[in-house]
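To start, the structure under review is shown below, and the notes come after it.
Going in written order, the chains are labelled A, B and C, and every chain counts its residues from 1.
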Amino acid sequence: MTPTLRQTHRVAWLLLAIILPMGFVAALQLKPDSIVWEQPISLPLAAPLPVLVKSVENTGLQANLRREGQSTDRQLEIIVRQSLEVPSVVVRVVSRTNELAIGTLDVAGVYHFMLPDSTDHPTIILVDEVNHVVLQTIHF
Amino acid sequence: MKTEIDFYIGWQAKAPLPFRRAVRRAIITMAVTVPILAGLLVWKQRGFSGGVFEYGKLTILEGELIRTPVPFLRIPVKQTVGNVPLFERILLIGYNKRGADSTLNQWEAKRGTLANKTLTVRGTLIYHDGKAALELTEENDALLRVSALKESDVPTHNMARFQLSPSASPVNLGMVTLSGEITDPKCMLGVMKPGEGRPHRSCAVRCIAGGIPPLLSVRNGTDHANYYLIVEPDGQPLNASILKDVGRPVQLSGRLEKADNWLILYTDSVRALAKTKLDEGSQIAMCR
Amino acid sequence: MALHYQAVSWNRQKTLYDWAIAGFVGLYLLIFCGLQAILFPDVTAETVIIRATSTLAFLMLHVILMIGPLCRLNPRFLPLLYNRRHLGVSMFLISAVHSVFSLLQFHSRGNVGMLKSLFTSEPDYRHFSQFPFQTLGFFALLILLVMAATSHDFWLKNLTPRLWKTLHMGVYVVYGLIVMHVLLGVLQQETSSLYVILLACGVVTIVGLHLAAAFVSHQPNQPAPKTGTDGFVSVCDVNDIHENRAKTMLINGQNIAIFRYDGKVSAVNNQCRHQNGPLGEGKIIDGCITCPWHGYQYQPQNGQSPPPFTEKVETYAVKCIGTTIWVNPTPSLPGTPQTTAFF
């Protein structure tokens, strides 16, 4: 290698030895600020009824059956911990004759739905209506 | 030529022993380092969303076409309690990095106005975190049938106690301020992984410039996220003006609306967050 | 050494070298892709390809950049240098896969062409935090393309070794561009500090080795040699040179290698015709000066490669007075025979 080339090598690496650490520090100081965490806005919810009748744990969610005092109204509370990776989630109440839809689920969060009757043992199914598949069955 | 013990010649068949030993040591070092590095580089990744792009699988859906402020297929849920209308919306997205509008305009040029009609369309589903979109993969051929809106799909106004969405018009949720990252729903919902963040930024810009409605993704750091489609305060697309803010931390203020299972933010207030000292320095240097 | 150009003149060492490259490339890809499928089944195939090839190419670039200084610090690593360009071309091909997939993934099928998208989708070139990092990778790939395309000895000969070596120093620019490409790109996404630590280790190793090699091979200004009336200058004592080895001197801008062998002394230009390799660090084998880099050979008395080869280097007149070697720093034309100097 010619002395000139060797000298050029020396200069090139001295320059890189200065520039790269500067670039390193400069790029790393961008990192901590680049991720913003904020509580997403939840949809307006009906207040949960005060009395918890029953609670059921299912995959990725918790289902609570709630009522108010001695009232016959029953409320279904679903706490979605991990959203279901499906194109559609419809919540249906199973009765002898039909399966009535009471709402839909999407992102992780809390959902409240009024139930059509006062039973303390409703059966709830989560249905992917695009693929016509029952995703989960919740038995109280 | 005899092999010199202390001198290496590459074109000889064999390297002298001391050189062979050095190379063997280098090979062993590499054999240990390469698998460890490959493992570490994979293992420490942040991970990828469970979003799904059903590539190669076409799904037929039927619902009402909504064109503004962003195109949706509004699918009625059958057999609801009290017969209260309930809908799930599937966001419509064009083929490649394009919004659905170009395809919808082609359909309307052929068949007249389609808004508020029931359409049967075929496309590729993309879904993640409870939000779903349909890519009109076949473009012109994606529209299979058009029919008038069914009687049962026209909303009535009763049974509010069931908190179903009784109205065709979205529900106003008031003014909000949100911080997050603007990306494109196509990639974010599952076409690309990661579908947001720095490396994906240029792709999100391309998708949004192509007409895909921008999406604000807001996360709280503990797997809780929500997504907001963004439009101008008057419902017009703001794709062109928002490009510079795509893929970086931003704060948006505006009016939030619930359109069935989607949230739409009407805003013209987009503020970049996390401006660095270095950036300010370079601005001064540029005399700006 | 070659009389005519062949795509690759294979020999056993070269074959072994290429098998080793293929083996390590295969091993890395197998582990990377296999673990991706096991640990992150949700990942897309495009992302696996983009990440596997990018990390592999960057790792190979580190290995390539380590070989040069390692050989200067310890010549036993020279077998790694001999076929380094095979490693370079392989690295270019792997980075090209990364680049093509990234271009297709992020920039194709949009409302503008791929290259226009590459340069305009992130238009904020003025701010460091917003700088479009993908363009850095693009320019790095361009340099690698030029280097890979000119890697054959045909180009080395036609461009001249000096220009070729200068062109191939572009790999240092590539290294700088790629480090910034990684820092401003994927490291802004990935949160594990392991990636920062690994990159820092890589940069420190490469820069450290090169600076160490530069320090070791730095030749301080030699004292002005004693000049005689006939243009000869006294350079050293014959006992300062080991048998069949050389001493190199920089006299009046001439880089001269003075060899001692079989009771004789000869002086030739220190730069090999092939890649300007340091002939003075070579050895006389079978009566020929043999370059330590790629084994090119020259006869010490006339600077000519042994027939049928045709390479020639400049020669210098030498004489011995007692045990003192005197050399005339005016170069004779390449391949000019000189009167043998006995001691």
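As a working rule, contacts are C-beta pairs under 8 Å (C-beta built on N, C-alpha and C of every residue); 3 or more make two chains touch, one makes a residue touch a chain.
Remember, predicted model here, so these are calculated numbers, not experimental data.
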Original post:
Which chain has its C-alpha centre closest to the mean of all protein C-alpha atoms shown?
Top reply: B
**OP:** Return the chain pair with more inter-chain C-beta contacts, choosing between A-C and B-C.
**Re:** B-C
Subject >> chain A and chain B: spacing of chain centres that average the CA atoms, whole Å >> reply: 16
Original post:
How big is the gap, in whole Å, between where the Cα atoms of chain A centre and where those of chain C centre?
Top reply: 53
Original post:
Using CA atom averages as chain centres, what separation in Å is found between chain B and chain C?
Top reply: 44
Original post:
What positions in chain A touch 2 or more of the other chains?
Top reply: 26, 30, 34-35
Original post:
Using the touch rule from the top of the page, what residues of chain C touch 2 or more other chains?
Top reply: 128-129, 184, 188, 191
**OP:** Hunt down the residues of chain B that sit against at least two other chains at once, touch-wise.
**Re:** 50-51, 198, 248, 274, 276, 278
Original post:
Which residues of chain A touch chain B in their complex?
Top reply: 26, 29-30, 33-44, 46, 80-90, 92-93, 98-109, 112-114, 116, 129-130
Subject >> Partner chain C, residues of chain B touching it in the complex >> reply: 1, 4, 6-15, 18-23, 26-27, 30-31, 34-35, 37-51, 53, 96-98, 192-194, 197-203, 205-207, 209-211, 244, 248, 274-276, 278-279, 282-283, 286, 288
Subject >> Contact footprint of chain C on chain A as seen in their complex >> reply: 1-3, 5-6, 8-10, 12-14, 16-17, 19-21, 23-24, 26-28, 30-31, 34-35
**OP:** Could you please specify the touching residues of chain C with respect to chain A in the complex?
**Re:** 128-129, 162, 165-166, 169, 172, 175-176, 179-180, 183-184, 187-188, 191, 196, 199-200, 203, 207, 210-211, 214, 217-219, 250, 255, 271, 276-278
Original post:
Which chain B residues qualify as touching chain A in the complex?
Top reply: 50-52, 59, 61, 75, 77-82, 86, 88, 90, 125, 127-132, 161-164, 173, 176, 178-181, 198, 218-221, 223-227, 248-249, 256, 258, 260-261, 263, 273-274, 276-278
